[in-house]
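Presented below are the structures under discussion, each in the form of structure tokens.
Both complexes shown next keep subunit A, but they swap its partner, so subunit B is in the first and subunit C is in the second.
What follows is the complex of A and B.
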């Protein structure tokens, strides 16, 4: 057996172990990016989630102005943390629509009374069908949609205060 | 006190391994006559590990919540059998089990392998002690199973409900026995290469370990496949999931080793290759353990994940395997090959068998790790699924199956008899089935049709080696080989039948509605709530009939409270002709329930075949043991 052939397994082992080690030290990233980024918002028409806030149809997202589409639920704890940040975004000029996932009018009304209502419209997605159609894997999640109704950016998890500047810049960028 | 006693035993065992390693080095270098001391240390070390494991079983049986491991993995309300299974249903406990089996197999080697030359045996025990030392360090430094919790927890945190299942309680230990059995083959190979004594004697000592490990791997994989089939509720029996592949890869390597070690034992040939395979087998076991424990590949088995501990296993893997391959590189050229053989002979058949198995192993290995490699290079995430594995490994497996029909009929060294004539009947059966498959089921894939044909040929061909022999005087090992090969044919028949004939129905059902699936009419009677010891469930009632009597099936969706989890319990009606497989899902807003129904003709043959393969291995093991015993009696 030639020398090179005998050394081959060693090289192979070093290579495999090296790759494993590299992967072990990588921070694990388990978020699922939506395939719909840079595509048109799928068509939907959702009933109003709570009295006093209008219902939401996909056509209403392409108004010539970029908008934020926030998926949330009154039962979702990170959404409570996100609520004041959304208020802040609204004050700084962002226009926000919401989709309430698997929610009830009573619980949602209490949530909005307590944590504020930054939404222009809220659709009620009782069986997560629109959430799935958007390619979202959980709440809260926020999509930036440009004036033509194309999804341009997906923010997974709650928007934190330090994200606000970035979100506003993106809204400006897709205008 | 129990936990402390276990911990003390572990530390003592670790110290003894260190001593054993040290003494064995001195012995092999000729500085000291330490034969008896090294063997004695190996035995005591194994017993200490066993003691520690029994202590762990005791704290789990008592649900001693002052032990951290019990508090985080058990629960006082859990059924007793799962309390016990909980001892190894977690990382620390399973590593203790691993170390215990490793220690006990070292002890068994010290007791039973005395026919080996002393230097080989002591070097092998030294290698085994080095392995034990690494895993002891891992256990004691990074995953102490006996750590206390102060103050004790008021209640335990349960066990993954997916694991509360009799099949799974025994699936991991079975695989571990297989993995660790391969560690003995590894140690023996390392010992023999160190001592420079790779010969038939070594192969005879190695064979029972390989065979034993291979039986456990076969049964472990078969049981695991059935578990995934009924517990995950997807109706499939193999998903090419990384963790399934992690158990398949050592099996493929062990199957190759099993055959090449037979060549070494009978003909003193394939020395370097057999040593290499022994190292590869253990490497695959370590890779398997690493993949499961580190969770670097996402999988349905992610309950066992811990990335920090993965580093430790990886370091051990790197050290042992690199050392063994360096030894191989240095020593392979000194191995003088024994008896030559011709192109048509049993040896040549086994060489081709080994090549095919190795290529399949490579295919599975690459498919399993490709996502990782791709991410390392391009940063892109992707996954490799069944289409790749089936398309690449499938045809190779068919070739292997054809070889399996021919190989056992060939004689050693050189074959001049017209062997193919014996295969006329199996070949005719295969051809007939192939024609029928092409005409009757045009929608089935090529691979499925070939699989059906192969099974039809393989089942009669596998018993040919028994024909013309007196059944009572035929060695058990020959019986074992024939039955194992028959099992492979039966399993192939099940796989092909499942893929060719399965019918599926996915529907939203209202109570009272009736559905047709295959030859069955299934009536959905309705749902009712039921409760178990630590779960509540929605249970559907289905009445299935196909002309004759009515079978009632009750699939459930279970909700476990601690930790909150939901599982699907499929209801399966097993008949000789196949299985009716039913799953109930969620209700929708209009009060309809998701129902999934499958009729799977002959699917049970898959696991029946797997069990036959294991049985064949067991017979061969008994046969070899009996022969060794007789030899000793006459000697």
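What follows is the complex of A and C.
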């Protein structure tokens, strides 16, 4: 057997060990991205989540104007931190609809009273079925939807004050 | 100091917050039709939980896993094929959501590896045997 061929298994082992070592030191990314970005919002129709705020149907997301679709819950702690940021986005012209995941009218009403209501409509998703249809895996998450009802961007986790400019720019970009 | 630590534990919020709602109807119930339930079970064992990412939705107690089991059982009960439900989820979350190895071109080297290693080993043994005979 030639010398080069003998080295082959050693090179192979070094390559495997190297790959493992490299992956071990890389910080792991556990965020789950929706594959529906750049595709039409799946069809859904959700009942009103709280009295006084209209219900939400998928058709109402394609109004010719880009909109934000925010998935949240009154039981979700990061959503409390996000609430004033959403208010700020609304003040700056963003139009926001919400989907309340696994929520009750009482708890949600108290949440909106306490942290403000930036939403034009809120649909109630009792068993996360619309969340799953959207390819979302947690709260809070925000989708940017263009005027034709196509999902253009997914923001995972709470929108922080430093993200506002970026979100507004994206809304302008998909107009 | 110890009292403070215990107090901190008491007021800490869990990492994976759970809502106050009861679990979905089919999250912790079996379908009445045993054949359909078996189909649902087999599929749930091969779907990844989106929250506890090392577990299948059959194993996980995360709320979203319960909702995914509810979705699987509802659709099976409505007569949908397990393969179609898997495809529906892959369309939304990518191949990653399914534990069943994919036959996509990117996985071909993986499928070929055992055959290649076997051939390589066979060739090595054959050359040794030949050398010894000489």
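Just so it is clear, the second predicted complex is superposed on the first by the 175 of 175 C-alpha atoms of A that agree within 3 Å, B and C clash if a C-alpha of one lies under 4 Å from a C-alpha of the other, contacts with A are read in each partner's own complex, and residues count from 1 in each chain.
The working rule: a residue touches a chain if its C-beta (ideal position, glycine included) is under 8 Å from a C-beta of that chain, and two chains touch if they have at least 3 such contacts.
Given the structure is predicted, the values throughout are model-derived calculations rather than measurements.
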Three-chain arrangement built on subunit A, subunit B and subunit C clash or fit: clash
Touching partner for A:14 - first (subunit B), second (subunit C), both, neither: first
Touched partner set for A:76, first subunit B, second subunit C, both or neither: second
Touching partner for A:162 - first (subunit B), second (subunit C), both, neither: neither
Contacts of A:127 with subunit B and subunit C, given as first, second, both or neither: both
Partner chain in contact with A:51 - subunit B first, subunit C second, else both or neither: neither
Of subunit B and subunit C, the chain that contacts the larger number of subunit A residues: C
Partner chain(s) touched by A:24 [first = subunit B, second = subunit C, both, neither]: first
Touching partner for A:101 - first (subunit B), second (subunit C), both, neither: second
Touching both subunit C and subunit B, counted on subunit A across the two superposed complexes: 1, 30, 126-127
Of all residues in subunit A, those that touch subunit C in their complex: 1, 30, 32-36, 73, 75-77, 101-104, 107, 126-129, 131-135, 137-138
List of subunit B residues in touch with subunit A within their complex: 272, 276, 279, 283, 287, 290, 294, 296, 298, 307, 310-311, 314, 317-318, 321-322, 325-326, 328-329, 332-333, 369, 372-373, 375-376, 588-589
For the subunit A and subunit B complex, residues of the former touching the latter: 1, 3, 6-7, 9-10, 13-14, 16-17, 19-24, 28, 30, 126-127
Partner subunit A, residues of subunit C touching it in the complex: 13, 17-21, 24-25, 50-51, 53, 63-64, 67-68, 70-71, 89, 91-94, 96, 127
